[in-house]
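Look for subunit A in each of the two complexes below; its partner is subunit B in the first and subunit C in the second.
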Partner chain A sequence: MTFFAEILISLLIVAGGFFAFVGSFGLIKLPEIMQRLHAPTKATTLGVGSVLVASMLYFLIIEGSPSIHELVITLFLFLTAPITANFVAKAHLHEDQHPEALPPTGGEHGWATFDAPPDQRVAGQERGAD
Partner chain B sequence: MTEARAVRETRSFRQRWLPHPLLTLILTGFWLLLLNDFSMGGLVVGLILGTLIPLYTTNFWPSPPRVESYPKAAAYFFLVMWDIVVANVQVAYWILFWKNDQLKPKFFTVPLDIRVPEGIATLAGTITMTPGTVSSDLAADGRSLLVHGLHVPDEAETIANIKSRYEARLLEIFA
Partner chain C sequence: MIFYALVFAFAAIGAGLMCNLWRLLQGPSIADRILALDTMVINSIALIILYGVLQGRTVLFEAAILFAMVGFISTVAYCKFVLRGDIIE
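After this line comes the complex of A and B, so read on.
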């Protein structure tokens, strides 16, 4: 039992290291900033995730004391990764991208990075009506 | 000054001091999970944090989000977890085995049917975490998302997939 658990934990750690490596490798390999953004938001998430699952299994099976704050780390990671990606993307839009080069929004207002919101009051009313 | 006081007094005791009971419970639970150990002292500190943090942040949450169906929200959570694993393998494969010029990266617009801010935030987060897409910007009127795809051979298909797989489910979760 312990032997199989050790194999499983080792595999998870190796997988985690592999995905973390791929994420970092993608940062070097891909040519544009928006493409580079894809590598760390995804590949690295699974890398860290695998290591955390391995840690939970280790404490549960080998040490015999369940440890759950790895779940919280995973959750925080899932919450923060999209926000970080969004901020990097927005900074890129501000710095290097012309609004004309982007696809149109399909509505009468532009993208929020370049266009002011229509009217705070209208947005508030819509919110209340939902 | 007096007007502000009059507005404040229309709120009940519970609304004033415990604006988001569910958030209080979640924060307390989080604190106990971070301690990784249960103790009475930990619970008390957790409850204090769980009461103070919603009080300080309540101005950002004018009305609590209404979740229509918790089982559906849980199902959505596991669907997204699974898709994150698939997305990772997919992106790892592209990075390792494809030449850069084989990838067709581009920006595209996803028109939104969902209007609830929490729903839009969840959808944008989901798009970032799943196969080859990062949400980059929101239209000023909140009716469409600007998404960047790492490899988008067929734009219409990608958009239809996002709308049917994620947005349709979120529309059922957030009323």
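After this line comes the complex of A and C, so read on.
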């Protein structure tokens, strides 16, 4: 039982290190920032999640003392990774792109970093009409 | 066996941190640098967790939680500053 648990924990730790390195290598390998955004937010998060699961199993099975901290960290990281990616993409759009160079959004409203929010814009138009 | 896996993971994450440092110093735009800093924080969390497994102590996990929160807040604050020129409006 302990031997198989050790094999499982070792595999999870190796997979975590591998995916964390893949994410960081993609950060220097991929040519464009919008492509570079994919590497850390997906691969590195998966690697850290795998390391955290390995740590949880280690303290549960080998040390015999279950700890819930890893679950909290995993949940926090998996919740915050998409928010971080969205913010970095918005910062990139705002800093490095011109509004004319962007493709149309295909919807009623323009890009969020350049256009006002829809409700405020409607209120402004109404004020302008008055 | 866990020890050798830990050594491999330490080496891989250390190499990943060097990649992040290169992108942080090199990065052509501000968004690149923010992304590199965020990835460095996530890799550091993995390093702290692996060190906790190596030592067999759970004390270091509070440091990992703090690191995760501070990293997320600082990334969002930096992006907010780039977007709006102010952090809290």
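Here is the rule we go by: the second predicted complex is superposed on the first by the 118 of 130 C-alpha atoms of A that agree within 3 Å, B and C clash if a C-alpha of one lies under 4 Å from a C-alpha of the other, contacts with A are read in each partner's own complex, and residues count from 1 in each chain.
Keep this in mind: a contact is a pair of C-beta atoms (placed from the backbone, for glycine too) under 8 Å apart; a residue touches a chain by one contact, two chains touch by 3 or more.
These figures come from a predicted structure and were not determined experimentally.
Undergrad: Based on the superposed arrangement, let me know which partner A:Pro104 touches: subunit B (first), subunit C (second), both, or neither?
TA: It touches subunit B, and subunit C stays clear.
Undergrad: Looking at the overlay, does A:Ser10 come into contact with subunit B only (first), subunit C only (second), both, or neither?
TA: The second partner, subunit C, only.
Undergrad: In the superposed arrangement, which partner chain does A:Thr45 touch: subunit B (first), subunit C (second), both, or neither?
TA: both
Undergrad: Name the contact category of A:Ser67: first (subunit B only), second (subunit C only), both, or neither.
TA: So A:Ser67 meets both subunit B and subunit C here.
Undergrad: Does subunit B (first) or subunit C (second) touch A:Ser24, or do both, or does neither?
TA: In the superposition, A:Ser24 contacts subunit C only.
Undergrad: After the superposition on A, what does A:Pro82 contact: first (subunit B), second (subunit C), both or neither?
TA: first
Undergrad: Residues of subunit A that sit at the subunit B interface in one complex and at the subunit C interface in the other, please.
TA: 18, 25, 37, 45, 67, 69, 72, 83, 89-90, 92, 113
Undergrad: Any idea which subunit C residues touch subunit A in the complex?
TA: Its residues touching subunit A are 1-2, 4-6, 8-13, 15-17, 19-20, 22-23, 26, 28-32, 34-36, 38-39, 42-43, 45-46, 49-50, 52-53, 56, 58, 61-62, 64-65, 68-69, 72, 75-76, 78-80, 82-83.
Undergrad: With touch defined as at the start, can you tell me which subunit B residues reach subunit A in the complex?
TA: These residues of subunit B touch subunit A: 30, 33-36, 62-63, 84-85, 87-89, 91-92, 95-96, 100, 103, 105, 107-109, 111, 115-117, 124-125, 128-129, 132, 134-144, 146, 148, 150, 175.
Undergrad: Enumerate the contact residues on subunit A facing subunit C in the complex.
TA: Going by the criterion above, the answer is residues 6-7, 9-11, 13-14, 16-18, 20-21, 23-25, 27-28, 33, 36-37, 40, 44-45, 47-48, 51-52, 54-55, 58-59, 62-63, 65, 67, 69-70, 72-73, 76-77, 80, 83-84, 87-92, 94-96, 113.
Undergrad: Which part of subunit A faces subunit B closely enough to touch in the complex?
TA: Interface residues on subunit A, with respect to subunit B: 18-19, 22, 25-26, 29-32, 34-35, 37-39, 41-43, 45-46, 49, 67-69, 71-72, 78-79, 81-83, 85-86, 89-90, 92-93, 102-113, 115-118, 123-124, 126-128, 130.
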